[in-house]
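Same chain, two partners: subunit A is paired with subunit B first, then with subunit C.
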Partner chain A sequence: MNKPDNKPFDPAIKSALTALLYQLADDDFILAYRGSEWLGLAPHIEEDVAFSSISQDTMGHAAMFYQLLEDLGEGNIDSLAHGREASERKNAVLLEMVNGPGHYLSTAQYDWAFAVVRNYFYVQAKKVRMDSLKNSSYQPLADVALKVNMELYYHLLHWKTWFVQLMQAGGEARPRMEAAIKKVLGDFEGVLTLGPLGNEIAEHGLIEAEERLKQRWLFMMEPVFESVNLSVSESVFAMKNGNGRKGEHTADLDAALSTLSEVYNVDPAASW
Partner chain B sequence: MSGVISYQEWTEEQKYEQFIKRIEAGEKIEADDWMPEDYRLTLIKLISMHGISEIMGALPEKEWVPKAPSLKRKLGIMAKVQDEMGHGQLLLRVAEDLMKPLGKTREDIMQDLFSGRLKFHNVFHMEAPTWGDAGLIGWLVDGAAIITQTNMLNASYGPYARALKRICAEEVFHAQHGEAIIMALAEGTDEQRAMVQDAVNRWWEALLMFFGPGDATTTGTSKQDTTIKYKIRTKTNEELRQDFFTKYIPRVLSLGLTVPDETMQFDQQQNLWVYKQPDWNKFKDIIKNNGPKSKERLGLRQTAYDTNEWVRDALNTAN
Partner chain C sequence: MEKAALEALHNVKDPEIDSISIVDLGMVEHLKAEGSTVMVELLPTFMGCPALDIIRKNVEAELGKLGSFEKIEVQFIYHPPWTSDRVTEKGRIQLKEFGIAPPPELISETGEWHVECPFCGSAYTTMDNLFGPTACRSILYCKSCRNPFEAMKPVSTMM
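Let's look at the complex of A and B:
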């Protein structure tokens, strides 16, 4: 199963593969969307430039994963990104949650602590996945993972720097960060899970087993948690707001989809 | 060293003469060089306004970043608006160096923006209600910006000239990005074509205003004489506006679009475009933060600034 050389796929492998690809694509797509809402609102101008660069990379990764789905006959990348209902989406619920109170154009009071923790924890999980995917049995996915990984190094460094700095700062920062950590972990299981076809995905060698990836995430994060005097037990990982891998989502996603596909929906058949 | 007086002993007049000689000879003035006070103040005003306009300019396009209708367009507009923020950052750094001897910092720039003392470009006070506006901003607003900025590429102040060089290179990409959006719409469905024409009609007056009044008699003040005297720029506002017409009117027409000015024509004898003047009183009012979106956008920036105060405090205690 190296190249999509027009040989028919074993249907069981194909459904496991597409399930994984939808998770990867939808995760990056919705988080990049949330990042784009932050545009112009970051704590300082330098951060605005850096954050929008990261969101742009992330949107580019989503496009690469959607392209793999298109190559497998799932539809064209723009209808995959813009034309699917919330119930068809497989992103983790954590990644669809609003940035904070208010609308991105007028009254936004976005929570920077939530942005830092969500992005840092997610990017580390994504890094673990990409490292594993480099050995995927599906070569086109392994190739994409290699490209994505090059940019992730900087994303991870960026968010880790913010995380450590804000955790160690005095004043309001620590309690705000701890509240954000609690919120993120309350739905972090939804990021780590490979969904209903998780076993099949691992058995076919598309990526390693969910539990191994989770342990690797903890292994990578523990020294950082220790350095900022934080203890995190995996017993608090949960999916309080639903399992996105099963198509369970919140009203936040419905609102996001109607915004991000507003122009596309004017005429989905038109060339834009 | 007898017979040679050191630079510290020069009179202000001698320093001024030397300064004028240097700029006449095409030399660049650097941040730590002596400069006349009105040169410094003119530059601070010009560059901080330019910088903050880049940053406020992200807001009309911000609406369309999440809404862009395809992955390719989403990536394009994300890159474009990120560049604009980058330009803002670059320019504020240049302004900060000029402000240092006056004991002022970026915090002062932000506070001046919120209080209305520091103005931003008239175009960024306007509404951008459709995807057509997103394309038009890239195409014609950035196109206009390229014309005014190219005019200052040889500015006597070195740090500004160098920043502009990089900015202009990126603006060319933005104009291409905008033009690609506009072409797709102009060649698209009736609804898409109407979207572009509406955007042209909506932005026309603001685009004319973009270059500023022809002279001080129109609005009471104009910095163009000072900036020309100090070799910060070469052409007048009206010359730039004419350059814009020459470059863009044929392109607008070639897409089957019209400009909302029936009097617009090229006068062969005068070798000039004849056009209807925008309402300069409206212009004055807009840049006093009374434009259609001025309050909302300033409010958004102020809210974000206040909401993030704890982050800036945290960074200050950490450093």
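Let's look at the complex of A and C:
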């Protein structure tokens, strides 16, 4: 791993940098977990292969961001991933929401429209971030962004294809997709925000300003929306279920954490 | 000493494609031997790849077998990022032997890629699934010999 030089850090830069890294790591971590719950339940077998591969990549990205935090003295990578309470997590609330009613082992009634829209909108936002991070003032983060970006290319292609096809499919597809879009946008501001230290993060050149990234997301999405006859106004972007960047979360996250950290909590040194 | 160490790394195969070594996959970025210390820097192909820890252990074991190093350091680094054009000519042949088409050498600007069937050599192939059984592979189908096959995903920094 690329260790940063052991130069002392300006404390103001360090707190902005760690704030950003926790968002990046926690976002990918929880969405990769939600993706893994779909295993065996995706609409068809090829999708099962693709989605689990994407989730595996995404978990790999989370691991790289947690590694950068470990390198900065924030603690061990496994405890960062498994050992933190919901109130310490900085992921967007949208990404922690359950896939749908029921449990993946028995009664799952997951919503594929929600999966497609949440993943597509998030992955495009992540792509905008990675493109900006390639020029980050923190070189180890710029290196990671370049690596993530190469894998992200395939994820974006995948979700965009699903989105465009389902938006134009007949039957119940369109109304279900529109309901999912409404739900996702109702918490999408929580994905786009850089949190309470957003200004400092941008001022130190770690990533560009929040508003710029948001406009770039809209710029990338507009041609796609137009191609499927959809109009989206940024006035509907909201954080209906709280601001995860401030540690505000839902019961969905508590339930997910207690499941995914079960083994870690029994034996923190277990390997599998 | 470095020569012997590099030779030893040829014995470390991809745990999921055992015809090709990590050297021919282009994963070995740097190898340095000094006295009784050897340091190896490896580039991960895909970050979420569960084989990375196995590869690390196998590298340590192979270098340990040489008996001349007391300290063996294996690190994964992200820079430069691994790209599919790092696979050597020999590696491309070894992939084919395993039944996996090597990654396309050039990625055209349209994003199209042409892959030859590893069994019959035909270019008349279609993509079944960009995502395959491991992070670095896709699933394709040969319309000439009617066999499904896998291909290494092209990965480039231009993406």
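Everything below uses one rule, namely that the second predicted complex is superposed on the first by the 265 of 272 C-alpha atoms of A that agree within 3 Å, B and C clash if a C-alpha of one lies under 4 Å from a C-alpha of the other, contacts with A are read in each partner's own complex, and residues count from 1 in each chain.
In this text, a residue touches a chain if its C-beta (ideal position, glycine included) is under 8 Å from a C-beta of that chain, and two chains touch if they have at least 3 such contacts.
Everything numeric here is computed off the predicted structure, so don't read it as measured data.
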Touched partner set for A:252, first subunit B, second subunit C, both or neither: neither
Subunit B versus subunit C as contact partner of A:60, first or second or both or neither: both
More subunit A residues in contact - subunit B or subunit C: B
Contacts of A:157 with subunit B and subunit C, given as first, second, both or neither: second
Contacts of A:28 with subunit B and subunit C, given as first, second, both or neither: neither
Which of subunit B and subunit C A:262 touches, first, second, both or neither: first
First (subunit B), second (subunit C), both or neither touched by A:208: neither
Which of subunit B and subunit C A:46 touches, first, second, both or neither: both
Contact residues common to both interfaces of subunit A (with subunit B and with subunit C): 46, 49, 53, 56, 59-60, 63
List of subunit A residues in touch with subunit B within their complex: 33, 36-37, 39-46, 48-49, 52-53, 55-56, 59-60, 62-63, 66, 77-78, 81-82, 100, 102, 104-110, 112, 165-166, 168-173, 176, 259-260, 262-264, 266-267, 270-272
Touching residues on subunit A, where the partner in the complex is subunit C: 1-2, 46, 49-51, 53-54, 56-61, 63-64, 143-144, 146-151, 153-154, 157-158
Residue ranges of subunit B touching subunit A (in the complex, touch as defined): 55, 58-59, 62-75, 78-79, 81-82, 85-86, 88-89, 92, 131, 181, 184-185, 187-189, 191-192, 296, 299-301, 303-304, 307-308, 310-315, 317-318
Parts of subunit C lying in touch with subunit A, wherever the complex brings them together: 46-50, 75-79, 81, 83, 128-135, 139, 153, 155-157, 159
